[in-house]
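Below is one structure, written out as structure tokens; comments come after it.
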Amino acid sequence: MNVATYPTRNLFRRRGRTILTLIAIALTVLIFNVLRTCDHGWQVGAEEAAKDRLATRHKVSITMQLPKRYIDDLRDPAKLPGIKAATWANWFGGKDPRERVPFFAAFAADHLSWFEVMDEMKVEPAALDAWKQTNNGAILGDVLAKTLGVKVGDDLTITSDIYPGDWKFKVVGIYMPLRKTADRNSMVFRWDYLNNKLHENPQSATPKDQIGWVMSRIDDPSKSAEISRSIDKMFDERDDQTVTMSERAFQLSFLGGASAIINAFKWVSLGILLIMLLILANTVAMSVRERTHEYGVLRAIGFSPRYVFNFIMGEAVLVALLGGLAGVLLTMVLINGVVGPFIEENMGAFFPYFRTPMHVFGLALIGAVVVGVISGVVPAIGASRRKVTDALRRVD
Amino acid sequence: MVPVRYNTRSLLVRKITTTLTAAGIALVVFVFAAAQMFGEGAKRAMLASGRADSVIILRKGSDAELSSGIGNDYKKLGDLPGVAQVAGVGAIGEIVIVITAELADGSGGISNVLVRGTPPEGLAFRPEVKIVSGRAPKPGTNEVIVGKAISGRFKGVGPGQSFELRRNRPLQVVGEFTAAGASYESEVWGDLDVIRKYLGRESVVSSVRVRLTDSSKFEAYRMAVEADKVFSVKAMRERDYYRKQSEGTQFLVYGFTGIAILFSLAAMLGAAITMNGAVANRTREIGTLRALGFSRGSILVSFVLEAMLLTLIGGTAGVVLVQILSLFSFRTMNFMTFSDVVITFQATPGIVIGALVFSAVMGLLGGLIPAIRASRVSPVEAMRG
Amino acid sequence: MSVSSVSSESNESSEPSAETKAKADPDGAYRPIPDADRVPPRALGGGIVKLTSIAKTFYRGKEPIHVLERLDLDVPEGSFEALMGPSGSGKSTLLNIIAGLDRPTSGTVHVAGADLTRMSDGELAKWRSQTIGFVFQSFNLIPVLTAAQNVELPLLLTPLSGADRKKRVATALRVVGLEDRMEHYPRQLSGGQEQRVAIARAIVNDPKIIVADEPTGDLDRKSADDVLTLMEKLNKELGKTIFMVTHDPAAAERAGVRRKLDKGALL
């Protein structure tokens, strides 16, 4: 037996209360982890962005398109040195007419260069060859293919938010993500197919040869800002101006609209810690008050106020830590085991990766310990400062 | 007979535990009510935006104005039966575009602003629109007015300022407008032809609207419009259109309400801990009450009521605090329109009552098991030393 | 009201013989704490407890309540004292002052060679752990610790090793006759057994004085009897000075010296 025995054994005093408190703390830790995982999940795309890629879009809006001939300038090292490769894509706004999946990303890209530049998506060379042979060929992410129930060789019909009618494609390949956070819910088909289809009708009013955005690979990531500026400078005098940024900044820019929501989630995750604090502080305060006489006895037989203070703090922090560990375990099983994969399959477009990262677990445990300290400090000070004779007078 | 006064006094005596537990409940109720108030604000914006007797026509297959496109012969849609003339015109065609703009708060963040090009009759079509500062834009010029909700939130999009729609094509903000809380208040309005020219899209409009002589004429009108094989459009009541648009923010309400419910589970555990401790410490008192003749049932009920009183105190505090949110508005992107919309938190008596009921339910559920324990105390306990 | 102490029947209290001590402590494990580790005594005349002109005033709001006034007390070492008196007479207050738990408003307190009024709270705590053994009326023991662990508690404040501590605990429990209940929790013991464990804890550090506040107050006749017999044994065989506050005339009967405290005066 040692001085740690007493605070540890006190957990067994009122077993029901300890268990309820531990459950409450574990639950609050679970909620905290879920909220922070959402926060992380939204930004993981930005964090995992390739450092050597730039995105270029129309300066006015991502919804406005650029002339295809810009690509020729971008691919000309004499005009724009430092760019190793450039590819482009147009947003298609694809919808599944059978509504098997609520949302997925569909875009038309340059079939000759897209997967070379976006190399975190791995495609078999045979599939790329087949794509070259098939005008209406499409390559799908593995999760999307599973959800839509298609494999290589199948036909796939989708509709579009932007373009009227049914669009029929042939699945020529499936891409596999090389990073666990990469998107697996996209569909890529040939840009030239889209371009030609839109202008089958010679009366068509839609401008021809328009591209949505450009992704370029640069040879020196440290020159990212410099090259971005030179790209934009090049097109500054033209009618359709560009704005170029690192891929990370590009991913983050899509979060700008949701910044208020993201902040709200951060505040709410603090709120759950506050609830944890209120519950634990309540439990500690109740327990300490019930043991007033006992602390008096300990003081009488010679334990200094510091001992009493440490006993109470030790107990509070121990409960918080145990509850925190239970919560972390619960999160691992529930989120990383069950809910995470479910969300990745069904909401993969928003959350291609929904697992709680290690640093969130660390944050949760630190938060729990801090809550333990704060919960314990006021009752501990009160009990340690109480006059021994007053404490002994109470028989409770 | 339920010893209510006994339970009330007990709560007052245990001030610290009462305060801590009630504070936890208050926090949960705050989040719950805030989510509801946001939803109410979104609903108000939606209701204010659409009229029952107005019809919006979009390209078939499009769900939002942004992705829709209709050719210049759209004026024919105003010639169909049932259409009322507003300011001498049957059909209003408008172009809608979303532009990225930098937030004015200095964070460097960007988001999307919806710019609407409307014909000269566009203002008259919406009588609820009022110019609250500056003046209306002159038709055929690059003058625009900005909705009060987003005015000043983005760089260049405020009274007296200007911003570029495209290179060398600036738009001058000459005034601010309100629209009785409609989502129009989060938009910038300018001249249809000027904006189309700036965008190089003179031959399309995003959407067409007509006013019906009577809202009952809608079905007939819709069938006539959709029967036209050349056009390939669909017609919706404006009200239904905006209801669908508000789905872009509904998920937020569900999300935060769900979070509040998860919080409430923790808070209920807190209430259970408190009530359990109270019962354990007051065993002798309860035994005395039983010895005096109070039945098990009355003890059970009294402790449930004590728990509910505890959580109601917290709930009331939460409801009072959440009223502060009415002073604030919340900017978020509506994913259906791909542009920002500013929603004001709206409190209603229904939300207040709902929040209080929610807190009472927390007390009921959290306090039930401790109350059952209390009811099991026998009169003998009163005599135990 | 200055009344000096009057002792009615007082038995001879002498140091128990080495033989008696050896019988109680065959392993010799129960070694007294060397004086070098004790708070140094300041040599003065008088008994092991010497109170001079003690006064204690409490305040209820603004109103002063004089619980003790100009009280003197001289207790020789090895005495077994009982203090009786009506409720509110200040018995517990006097006990607290003797035990170093409370300070008098004025007067001097010398206990076991230490001048308590000159000591800081920290020094008093250390002094108490080495010099005083406490037995309270109820709730002496910590419910989540075993009997042995409860008895071991005061030893945690000493530099003794774990093995030494265990030996002392075993000896103390043997003295009170509860060695076989070492691993039991207080809820598994009767009221009388709990008090005896409390006494074991009170003596485990070999204190000079045992202070008992209504030790038999919550017990039935038989258990009270056992406890009092034990205390007599501690006094006669181990030479402990015992200062006991009690309501119980049968308990007072067992003491060597009986005093009465009435309205702050010692009779």
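Order of writing sets the labels: A, B and C. Residues in every chain begin at 1.
We take it that contacts are C-beta pairs under 8 Å (C-beta built on N, C-alpha and C of every residue); 3 or more make two chains touch, one makes a residue touch a chain.
This one's a predicted model, so the numbers in the text were calculated from it and none came from an experiment.
Chain centres here are means of the Cα atoms, and by that rule the chain farthest away from chain B is C. Put simply, the chain closest to the centre of the protein, by Cα centroids, is A.
In whole angstrom, the spacing between the mean C-alpha positions of chain A and chain C is 66.
Mean C-alpha position of chain A lies 25 Å from that of chain B.
As a whole-number value, the distance joining the C-alpha centres of chain B and chain C reads 71 Å. Residues of chain A touching chain B in their complex: 14, 16-17, 20-21, 23-24, 27-28, 31, 35, 59-64, 93, 159-162, 164-165, 205, 207, 236, 238-241, 253, 256-261, 264, 268, 271-272, 274-276, 278-279, 281-283, 285-286, 289-290, 396. Chain C meets chain A in the complex at residues 96, 99, 101-102, 121-122, 125-126, 128-130, 134, 136, 138-140, 142-145, 149, 152-154, 156-157, 165, 201.
On the side of chain A, the complex with chain C involves touching residues 1-3, 5-6, 9-10, 12-13, 293-294, 297-305, 388-389, 392, 395.
Listed in rising order, the residues of chain B touching chain A in the complex are 16-17, 20-21, 23-24, 27-28, 31, 59-64, 66-67, 71, 97-100, 103, 107, 109-112, 164-167, 199-200, 203-204, 232, 252, 256, 259, 262-263, 265-267, 269-270, 272-274, 276-277, 280-281, 330-333, 338, 340.
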